[in-house]
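These are the structures in question, set out in turn.
In what follows, chain A forms one complex with chain B and a second complex with chain C.
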Partner chain A sequence: MLDWILKLISLIYPMAKRGLKKFNGGIFPKSHKDLSNHHPIVKTIMPKELALPLKQHIGIAVEPLVVVGEKVLKNQLIANTEDTSLHAPIHAPTSGTISAIEQRQLPHSSGLTGLCIIITTDGLELEIENALKIPNKVPTEPNTLKNIIYKAGIVGMGGAGFPTFAKIPNEKNKVKTIIINGAECEPFITCDDLIMQTYAKQIISGANIVANALGCNKIICGIEDNKQQAIKKMRQAVNNEKITIKSIPTIYPIGGEKQLIQEILGIEIPAGSHALNSGILVMNVSTVRAIYQAVIEGKPLTSRIVTISGTGLKKPYNTEAMLGTAFIDLIKFAKPKMKLNYRLIQGGPMMGFEVQTNQVPITKTTNCILANTPQKKTATMPCIRCGECMDACPINLLPQQLYWYSKSQEFEKTEKLNLFDCIECGCCSYVCPSNIPLVQYYRFAKAEVKKNKSEQKATSLAKLRYENKLARQEKLKVEKANRLKAKKEAIKQKSLADKDKNITATSSTPPMSAREKALAAAKKRTQQANQITPDKASPAKATPTKAATTAIAAAKKRAALKKIKQQTPNKDTIEDSKPDNRKKAIEAEKKRAALIKTKKSQE
Partner chain B sequence: MLVAILIFTGLALIYGLLLGYAAIKFKVEGNPLAEQINKELPQTQCGQCNYPGCKPYAEAVANDEAEVNQCIPGGTEVMIKISEITHREPKEMSAVAEDKPAVKIVALIDEDACIGCLHCIKACPVDAIVGSIKLMHTVITDECTGCDLCAPACPVDCIEMIPVEENLQTWAWQKPKTSPVVTPVDQFLQQEKTC
Partner chain C sequence: MINTSPFIHDNNSVQKLMFKVQLALLPALIVHVYFFGYGIVIQWLLGLITFLIVESIMLKLRNRPVLPFISDLTAVITISGIAFCIPPNSSWWLIVTAVSFALIFGKHLYGGMGYNPFNPAMLGYAFILISFPVEITQWSLPIAISGQELTFINTLQLIFTGNIPNINIDQITGATPLNSMKTGLTTGTTILQTLNLPIFDNNLPYAWTQINIAFILGGLWLLFTRAINWQYPIGFLGTIALLATIFHYIDPHTYAPASVHLFSGGIMLAAFFIITDPVTSSTTPKGKLVFAIGIGCLVYIIRNWGAFPDGISFAVLLLNMCVPFIDQYTAPRVVGYKK
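After this line comes the complex of A and B, so read on.
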């Protein structure tokens, strides 16, 4: 009844539909999903070359296990690391030859380069069967499942790229509910929709595998109600009572982890906490399918379903793309309406980003490539304090306040307003009547806060190390003084003993002669020293003034800079001259040391 | 009259004792001002302020022995902060770091040329160089403050200061550029003019 009334009101006031779901805010952008969701998944395209970035996940980059020129087979492990930090291994998506391991531009908004393994494909698809060496047994313990998922290199394929094995708890029965995320709320993207339509059985059995291993009895799959086909197929595939397929209202961003949990279970995950602490494990449908493939077929994650869509394409489609395929290779098949002289977008129009060149490769987290013909940019206007952004924010933040403080760089205040709970969904920017790029401001503020924190950490570390050094020097000084004292004492004792001996042995020689001699010698030494010191001391004292040292430092710096500028006239000559330089330097240093020694001995 | 005097003498005694006790019990170790200043300093321990480190300089400033404008790596920003803390007049920087790079720099030892003399290790204020006598030395990049004290100490001039390269971890979003605001009224007026 309520739904019906809300729908009626929404004819006049569209935002009334917000009442249909349980979390705050949300928006209703035009979905554009019909561009690509009718056509079945297109067969994998075989590109000439694959570029596999060594970091396609959250965590540290892995290291290549292959060398240039090596032949690899499909599903062969080509990069991993022994480091215990968070990472996910990478496998070869097809057979071919490693043609290079080099810096390539990454699909990242920065446009930075990163190390990539380049495979020249041979088109033969020579495969390693059961590459993960999975025993013919479904895992019953969380650790066995985790191990398989780790080996398969599976990461969260909804877009975050968090290694999935790290998400799974070690203990059985800790997870009470598994939520399969089939919401896919971003406009244009249909890859999850197509996976559910095509591989519903795999997803269901994948979910069962995870539930069995974790001892969980409740699986809920949330699918937006604009994907009726997928809901139907998934319902048909359900084979036991554990699983429920739930149709949820179509509203952006219902596919966000916390929003989906709130919608399905009515639980709000507290700020700073993780869903797992509440006994909930959320997984994307693509991730679940990848788990199925790893556990049942022994296949590592080497390909994924990607949507190629956008208003600039004649034939948008979905395909199972090999990781490492260049964007441009996939876009060509979709028949662009005009020449691709604009930048493509990875991800959806809400949370995606423009890539710097269209040559960048597909990674484990690329769910969509968007080719939207460039639009005229609307001018940013001043904030009129209408509060639309506050009504749209799905996590009840105060976007307007955050905007002011981010703009004026008062980052402490943004932190107090829970800036870090912002999921950067873009609802606020979408509804802003003044076209203010609000999310950009939050990203900037987040980056600044992080930078300040790391700088603070660095300075406190430097301080600590400096203080430790001073303390150590002080300690060494004291120790040295003590040693000297002990030595002197020992000599004194010895000389005293000697004297006693002398007295008892030879009484004829005049007493105290040894001491007198020593005293005389000492006097002579001090006189000599006094004569020398005035001449020597003056230059010695003049040198260490700090102004001079700073000058030297500056000069050296300049010289170093010059050196950088003049660098690499010819590498060979430099390398030839290096050993000579080194020898000369060693000689000079030896001479200097000898000089210092002789001077000391003279003194 | 006498009662009043007695009461007040008693009160004075009690408060006096209280204050005296508090002075001993809650005594502040060191100079709190120096601590505060030290927090603002960049902690590169570079010695360009004529003091052997950031803390000594902070103490000197707190004791009115040094000017507020001697921290060269900190620049004007730190100078203003110090003058705010000490309530002294801000002064123009006495010396500006020459060709001060905008990005963070760290030392890099050319390992082929290094003769293993230990000089740079002694010069490093934060122990960020490892090595042993007659063996190659190297810089712990994460702990190097870029103070540039090791470069002049090197007898073979094999230490270079290089800027830290930006990577995916250090890359950060920039502040959005505020484009010149064009209001609909402006557009309308412009149209009127062209007509």
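After this line comes the complex of A and C, so read on.
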């Protein structure tokens, strides 16, 4: 009823639509989806060459299992790693020859290059059937499913690229609700829409497979209500009462994981926590379809549906593109209106990024290639604190205050204002009347905070190391001093003992009284004073000196020997342990990086 | 240069926003001309010339590009605010002083648009209100009451020379309804008696009511087009209406009814055009409401117990000072956090 009233109001006051959904803010950009959602998915285009980056996922890069010149078949495993860090294997999308393994420009926001396996296609499509060697029965345990998903190299295909197997819990019944994300709220993109229209049955059965393996009884698929065809097809495909297809309002960014959960289940995932902790598993429709193909057909992930759209194209379309196909190869078929002397965008206009060259390949996470003719940039004006950004923020942050603090580089304050809860959806920038690139400021602030933190960590580590070194040196000094003292003491004792021996040996006089002793000593002193030269040459005096020197030499020798003895095995152990330590450190670092990335993706 | 997401924009701009506000003031301007003559048009044009000169000089001095900032139209709103506040036939130097002060001290010395803590229009008005109280209280009488309809030339003459041949100035000036109430109370006239004066019509301030209704019309359109937030008018007008009703109920002889309060002076101008200035008001949703309620309270207090007949400018400036404080304690709960 309320929805109905709001919809009525929205006819004259469009922003009333904000009341239709459960999360805060949101925007209504022009969807442009009609550019590409009328035509069926175009059959795979066979490019001459495929470039497969070794890292198309969150985690570590995999290692090539093929060599240059080797012939590969479709679905053949061509890259993987033994490393236990987060990764996803890569398979050949078609048959051909490995023509190179080299650095290529990646579709990356900062234009990074990365190692890619280059396949020169032969057009024969020689295929390995059941490449994943799946058994004849559907997995009933989480681990069996996880294993297949891992082997198929499936990652989150909505754009995150987080290896899907790592998202699935090991225990049964941990997941209470599976949410299938068919929202696709970004303008221009229609690949999920087309997948749902074309492969509804595969998606439903994929969702069932996951639910069965995880012991979950509730599947909800959320689809924006501007995709009526998809909703219809999906509803027709539903074959049991576990699954509900839910039409959700069309509002950006309802397809964000946390926003979708909020909309569908009405719960907020606590900050810093992951949906899985609340018993929720969210998967994109493309990912679910890929799972179906892996589990039922034994097919690894080697292609994906990509939207090729934009205002600069005459014939936008969707296609099942082989991974590794260059952007430019796919754009050509869409008949660009003008020469492509501008950069293409990977992803949607709200969260996508410009690629450095238009030659970059399709990866597992490329959902859209956007060719929007460049537009004149409007000048940025000062912030007038109008608060539109705050009204638009789905997280309920204070974008303008974040902006002030990012601008003045008061990063501690930005952290206090929950900078790291920002999902960079771009709503604030979209509505800003002053045209301030707000999201860019937050990215900058986030990077700075991270940099500062790592620097802080490094300095404290260096400090600790330095302090330890000082302590060690101090300890060594003390030890050395002690040793020297002990040695001196020993020599003294020895010489004294020798002297005593000499004395006892030379004088056979009976014990003297104290007075006599003092007298004798005095006599001796005067004697010594009187005859200096003969005294030096006197053998009686020489013996103890000699004895002392020999004792010192012996002690030195012993010490040296001891040192050598101590050092030699020590050296060996150090040399042995050094690479060991390094290896361990590298491994630890990798693990940490993987963990951080996992966390990031979870956020 | 790498462009970063988002790559699309809703095409809103500061300029468009300010133009909307300016457009929304048009009905009130027409009504004002109908009741008080051409004075306000001349005042507004004087303000515009002052703005062009002052703003160009200030931008030059501050090493800022002149064209984009002069064309953002924010200063024009300042001029309109002041023009509606001062007596329409007051001497030319009054608005020139007010606008200059507003733009120089209220805006540019703080760093220009977006950086000023005080509402420039209210700062300029408060400045002349304190400096030249006599000139400000000499309001023109509505044409229907004075019976003198001045021509455009006559008005021009009046503004620049201070008199018009063959017309007694006292005949065309008089106290505003608010002023009458205030002075009436000091001489022992009750509010109910004051309401019988010719400047009141059906217990409502004559001419002012109509102008205020015109402001409401423009304001509603601004609300509809999302140029302003609902918290301001609701909080501000609600507070004044509530306080006026309570006090009028307690003592109708000393406290005017809510209707008189809401339709006299620049209440609706303030509600929809002045306190809605985003730069100088609170930014959080709750804060905006607190801000508006605060101004409402102060306006009512100054009107009834203060030395000035109307206190919108002081109330706005005082609440401007409280903005950082209000913002601090009204920050919304971030999703995923407990408050």
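Some observations on this one:
Just so we're on the same page, the second predicted complex is superposed on the first by the 460 of 603 C-alpha atoms of A that agree within 3 Å, B and C clash if a C-alpha of one lies under 4 Å from a C-alpha of the other, contacts with A are read in each partner's own complex, and residues count from 1 in each chain.
In this text, a residue touches a chain if its C-beta (ideal position, glycine included) is under 8 Å from a C-beta of that chain, and two chains touch if they have at least 3 such contacts.
Worth saying up front: this structure is predicted, and the values here are computed from it rather than measured.
In the superposition on chain A, A:Tyr441 contacts chain B only, with no contact to chain C. When the two structures are aligned on the shared chain, A:Ala326 is found in touch with neither chain B nor chain C. Once the two complexes are overlaid on the shared chain, A:Thr459 sits against chain B while remaining clear of chain C.
Using the contact criterion defined above for the overlaid structures, shared-chain residue A:Leu112 touches chain B, although it does not reach chain C. Touch criterion met: A:Met381 reaches chain B and chain C at once. Contacts of A:Ile195 after superposition: neither chain B nor chain C is touched.
In the superposition on chain A, A:Phe353 makes contact with chain C only, not with chain B. Common to the chain B and chain C contact sets on chain A are residues 109, 379, 381-382, 437, 440, 443. Remark: chain A residues 13, 15, 23-24, 27, 29-30, 109, 111, 187, 258, 262, 268-273, 343, 345, 347, 349-354, 370, 372, 378-379, 381-388, 390-391, 394-398, 400-401, 418, 421, 424, 426, 429-435, 437, 439-440, 443 touch chain C in the complex.
On the chain C side of its complex with chain A, the touching residues are 2-10, 12-14, 16-17, 68, 72, 74, 112-115, 224, 226, 229, 278-279, 281, 283-285, 288, 327, 331-337. Interface residues of chain B, counted against chain A in their complex, comprise 38, 42-45, 47-48, 50, 53-55, 72, 95, 98-99, 112-113, 115, 117, 125-128, 143, 145, 148-149, 151-152, 155-157, 160-162, 166-168, 171-176, 178-183.
In the complex of the two chains, the chain A residues touching chain B come out as 55, 106, 108-110, 112, 114, 379-382, 437, 440-441, 443-444, 446-448, 450-451, 458-463, 465-470, 546-547, 549-550, 552-554, 556-561, 563-564, 578, 581-582, 585-586, 588-589, 592.
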